[in-house]
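Common to both upcoming complexes is chain A, partnered first by chain B, then by chain C.
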Partner chain A sequence: MWSSCWTYSLNLSSVPGDGDSQSRWCLSQVKGAVDDDVAEADIISAVEFNHSGELLATGDRGGRIVIFQQEQESKNLPQCHAEYNVYSTFQSHEPEFDYLKSLEIEEKINKIRWLPQKNAAHFLLSTNDKTIKLWKISERDKRPEGYNLKEEDGRYRHPSSLTTLRVPVFQPMDLMVEASPRRVYANAHTYHINSISVNSDNETYLSADDLRINLWHLDFTDRSFNIVDIKPANMEELTEVITASEFHPLQCNTFVYGSSKGSVRLCDMRASALCDQHSKLFEEPEDPSTRSFFSEIISSISDVKFSHSGRYMMTRDYLTLKIWDLHMESRPVEIYQVHGYLRSKLCSLYENDCIFDKFECCWRGDDSEVMTGSYNNFFRMFDRDAQRDATLEATWENGSPGCPLKTWRVSAGSRRKRNEIGVDCLDFSRKILYTSWHPQDNIVALATVNNLYIFQEKLN
Partner chain B sequence: MINTMECAVDAQSLISISLRKIHNSRTQRGGIKLHKNLLVSYVLRNARQVYMNEKYAEIYRMQQYEEVMTVCNEIQELNPLDLMEDCEEQTGDCCGSANESASLCGALLPVSHQAPSVQHIQPSSACSVPLALQNEEVCKAPDPSFYRSCCAEAYPVSNCDFSPVNNMHCNKTTVLDLDTHVVTTVENGYLHQDCCASLQQCCQGAQSPAKKRKLDFGYYVSEIEEVPDFTPCKRAKFEDSSYVSTEHLDTSNISNLISIFGSGFTGLVSRQADLEQALNGQFCSKQALASLGAWTRAIVAF
Partner chain C sequence: MLGKGLKRKLEQEEENGVMKMASPQEVSPTCYWLQRQTVLNLSLLKLHSHPGHTDPGLARRVLITNTLRHIQDELRGEEGVLLPPSVPRQQPPSSPVIKDSFSAALAEIESLCPTVGITALFSTEAARSLTSDQNMPDITSSTDLINSGESRNTDPDLSEMHSSVDPPIALSDSTQSALSHTPSFLADFSLDDFLFTEIDNILFDNTPCSSSLSGTSGTSRVISMVTDDLVKTLTGYGNGGTSQSALPSNQTFKLDLNELDHIMEVLVGS
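And now, the complex of A and B:
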């Protein structure tokens, strides 16, 4: 899958362009096959930088994880520090069958979360619908040689043929990256897992499904504590489900979960063992003038992310990005329209199921910008400080690599100007659901259906 | 690329699309997605509410028409000449503007002719559906209209109560614009508060004819006011018959779904139960609730 990689050499010469429509971002790399036929298994379903930004993990529907590593040499050159190459590939989850319910459990990777690095090895959590696994990714560049009872090719020597003894020694070898499953956290979720989040205490993590959130200790796989349970006594009374959940980046007792009704609840684990009673409820009253058949669907939260500072929280629903101040529950402090022009197309989007797409969002390292994906392989950047936004396209076709991306505009009509496209011409099969921002540098990784795009900010 | 011209904007299509989605989700890999099906059930509920409101509005007007015609016929015996002229005038006016969606005729066709069509309400031909009891100038609501295409704009506010049964001060005359699906209600000359935030202007325009109407047929109005007492039985009957006979409802699918899924999100029902009773008056009997449950049933497979 990753054998055919496209890597562009960076063009550092300045390119003249329209002042307003030229963004700071340029394409660095595209990973993945370039055929039009996309195998279901190759569709990317998770993208995540680790805490240093040196590693970038992707998960796909086939249950595989591919980890890319930043090139060491390029890391030190600010102009071309966004070169990532394959570091490790392994099969994380396999399809399973639940015999009791006669249900197949998809191997699709729903989320990847890195643990902060403690030693030479890297650890990440990956989850499918039912099972979470802790993977250790470690390097091996030495191997023992000089065994007495074993030949170099592995054949055993007969003890009677030994005349001398020697001590095996480590010899250098080609670098090998190994991924091994260290823990498997299974059988704790009846419904489909949608989120995992590592606590700032580096010992526990939470996993959330549609109706419950469980707290785990990383070391123990045979027990988890249920901390939120919104399952009604009678399933017929179900009105909302949990859609996303995350621990606060600094306070180990605080976490939030978003619901299908568009509300976010903040819970404090010190308050009680079972956090069904929220400490804060972040909800914006619905505007009755925009009510439609699909109001409930488009208000469903698809992602919730704390800012790095821990002061703010961002939620993504189908049409908007909202930034909330944790101190104010009544309404968000900022609302960004991602693709408001889709409001009149909701019916068609319902028919073709696009309205159920769950878009992720992410913060820049210093929280000054946020980003999320859209359709037609567009992604949206919102500069909170300058109150500016940009629509950029993830494509390797137009423009030369390394030159700044041109911004796009979506117009109501179908008349096409340069870098303008009509709503009716958007390709809804090309969508960017998964995005991740490098924790320190201005490098973003995002997934189109089966390709991974890496963009970096042009400096100067 | 989405073909936006083919969007299904009416409630019935949405209902069938939603049911199909729920049905298909049974065979999707990975098991039934609770979140997605919950959202689909919301669309189903919303579409059903709109559908039911439209149907109810029609049925109620049929009801009122029948009552009026009964009285009309009785009076005809007393004063045949006077009232014949009036009726014919209205018929003429009505049918003259039959093609205009605003004034929907058929209101004054003989009762016997109307009776069968009452049983099978087909929302197709403007003429055959008695929706305007009075030959008033129905205000065509400008945008934003009350019932809109599902995609974008205002959706009938769910707490709008235009039940003539529950709320005596509510509408006495309701007109459905079949083209724009605008429902305007004139209640003693005033549009109902909840319904007409954007229709204030219309309201004023409709005021005088309705008042005039009231003067001319004072006793009709009083008869109409007594209609609520008669409604329960009749409405239940209409509800059933219209339900069963409408082609768009795929009853076999529904019964399959019911048997497959068993329980569903009738919490949606209970939350809306009060609302729906308000909307449909005695309409919302156990029968209606049961059928409502059928509509909003989704998957519980756990």
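And now, the complex of A and C:
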């Protein structure tokens, strides 16, 4: 269970730094158990800020969702953003059993997507491998009291005992946050759902599995439209699967999907009902000098994200981050090496299955920076404008509170200097797959295997 | 998990200080061949091991299958140049060094050893099957056996995909039918693959956490029957000049042949 055993937030006083080996980022909070013994169910599998950044949702392998809320009171401190504390916890998905295939359906939360807020309640979509659910999270801070026919403890009064009538009134009560499932969108996917994306029209959303993409209306759970189907007539001919999909942030007719062969297809729903014919195909020709047995596997798109502006799109494959201009299909406009030193280790990474890890990536609110996770609890920040990058570590062990994070370097061979680590010393069991960037402020949330980390940028 | 054979191969690579996964032109042919074999074995291992009660992801299976196919295509391309030992060896001018050394070594061994009944027969079968028509009437019979043996966990569509990359079981069926006809799976799978993967699968079956390959007692018995012979033959190779029946000691061998012995040792685990 999420026992937020401890969390420390930091007063970000100015600390003299080393210069360029320091970043602007500081650790703000760590959530989760402190000990190394982590139950499988507690492993985080999804992290997502909502559209205002006030709420931060996490999903885990046990099918639970924990929502953190940013406190309003500590905004008086100009140097740091407010803390996030637990707001609501609920069980989103339960394990199921597919009797036809004799297989368990994992309750692990694959993705969480928030709906833009329309009223006092918050809505989010969460999905496991097979079923998507719409959850309503609402606050209750008052309740009606003074019923005529009911006692305060709920017992009914006999009408004959009434002498006077009164109008029930709302009385304040302790804040209660309730999560209730409003819709369950089930039985539309034969294969494992890897993505959900809410449309800008605020009425529809898409869900993608390995071979198909379906379009849903939020209000209807008994029907969905299939808009992409790449299943071949003969499954033996299958060579490519869908790995990620997203709606364009501004154009409600446009969406993209990435494939296991490293290509991204942009589709326009106005063109036809079934978008098997893409409108644009974003594919970079392979560099023959780097060809290896694993070329295809490492080119597989693990995440695709549009920029907030809608002009660019970012793709993550095993070793790189690529930024694409939607107007140019032939090649990306920017390529960032996340951990190129792994290129010589691909065989080992294939053996221990790490080569199949699916890393997410995210944009800063103004699209000037991007970030993604790596191994050894490192995460990578790329400043697009300044063309600078930094490797930071998610750890609560080293470094004093308030201190900006030191940047790391990875060298070939064994460790030589401080804040430098050899590629052979990297811990591949500690990986950061899930990340989310606050939509407006410079706050990032990321999940290591054990914990949720929240980092803030120094404001002064 | 199959530890010894595979791990030793990787350690060998590291000891030699060779850069992994370089393009074929940059690395020594033996090293590339070894790398390819490692990846081939790993891929087969991954496809055959069922992780648990949940459905293993389709994306992962497709990626592994594609990697396997790529290697098989490469091997098939080389197999086309590789001539059977019964035919006098010619020198195709365009063939690279690796094919010559390996085919030469294999030819030398097989010409010296009269006990190599199975391997010679297989190589001729393989050569013949490559040129023969490739429609697959035999798949249905092999597939039936696979489907009954394999767990019912897989989607009917996906089990077909499994069977197309499930050569060891299919090959053992073929050997059971007294090698009278050439099953089409042989065309997809070269001689090298059969020799080495059968051995790896045997070692794998003997470990506690063996996969569904041993789930069907029938097929595993067949596999062990066939490959017992092969193991005996190949351990003969692996012992180098020490086994009298395999390699007469008064022969002089090229450096390449010693390399081959070394590789055999590694694979057989002797």
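As a working rule, the second predicted complex is superposed on the first by the 446 of 460 C-alpha atoms of A that agree within 3 Å, B and C clash if a C-alpha of one lies under 4 Å from a C-alpha of the other, contacts with A are read in each partner's own complex, and residues count from 1 in each chain.
Following the convention adopted for this analysis, a residue touches a chain if its C-beta (ideal position, glycine included) is under 8 Å from a C-beta of that chain, and two chains touch if they have at least 3 such contacts.
Just so it is clear, the structure is predicted and the values come from calculations on it, not from any experiment.
For the composite obtained by overlaying on chain A, chain B and chain C cannot both be accommodated without a clash. Of the two partner chains placed by the overlay, neither chain B nor chain C lies in contact with A:99. In the superposition on chain A, contact is made by A:347 with both chain B and chain C. Of the two partner chains placed by superposition, chain B and chain C are both touched by A:239. Touch criterion met: A:426 reaches chain B, while chain C stays clear of it. By the document's definition of touching, both partners, chain B and chain C, reach A:210. Touch criterion met: A:192 reaches chain B and chain C at once.
Of the two partner chains, both chain B and chain C are touched by A:296. Here chain B and chain C are compared by how many residues of chain A each touches, and B touches more. Within chain A, the residues touched by chain B in the first complex and by chain C in the second are 101, 103-106, 190-192, 194, 210-211, 234-236, 238-241, 243, 260, 288-289, 291-294, 296-297, 300, 343-348, 350-351, 353, 356. Only residues 98, 101, 103-106, 108, 129, 190-192, 194, 210-211, 232, 234-241, 243, 260, 288-297, 300, 343-353, 356, 424-428 of chain A touch chain B when the two sit together in their complex. Partner chain A is touched in their complex by these residues of chain C: 6, 10, 13, 19-23, 35-36, 38-39, 42, 46, 52-55, 57-60, 62-63, 65-67, 70-71, 151-155, 157-158, 160-161, 164.
Contact residues of chain A toward chain C in the complex are 101-106, 190-192, 194, 210-211, 234-236, 238-241, 243, 260, 288-289, 291-294, 296-297, 300, 343-348, 350-351, 353, 356.
Residues 1-4, 6-9, 11, 14, 17, 21, 29-31, 33-36, 38-39, 42-43, 46-47, 50, 149-155, 157-158, 263-268, 270-271, 300-302 of chain B touch chain A in their complex.
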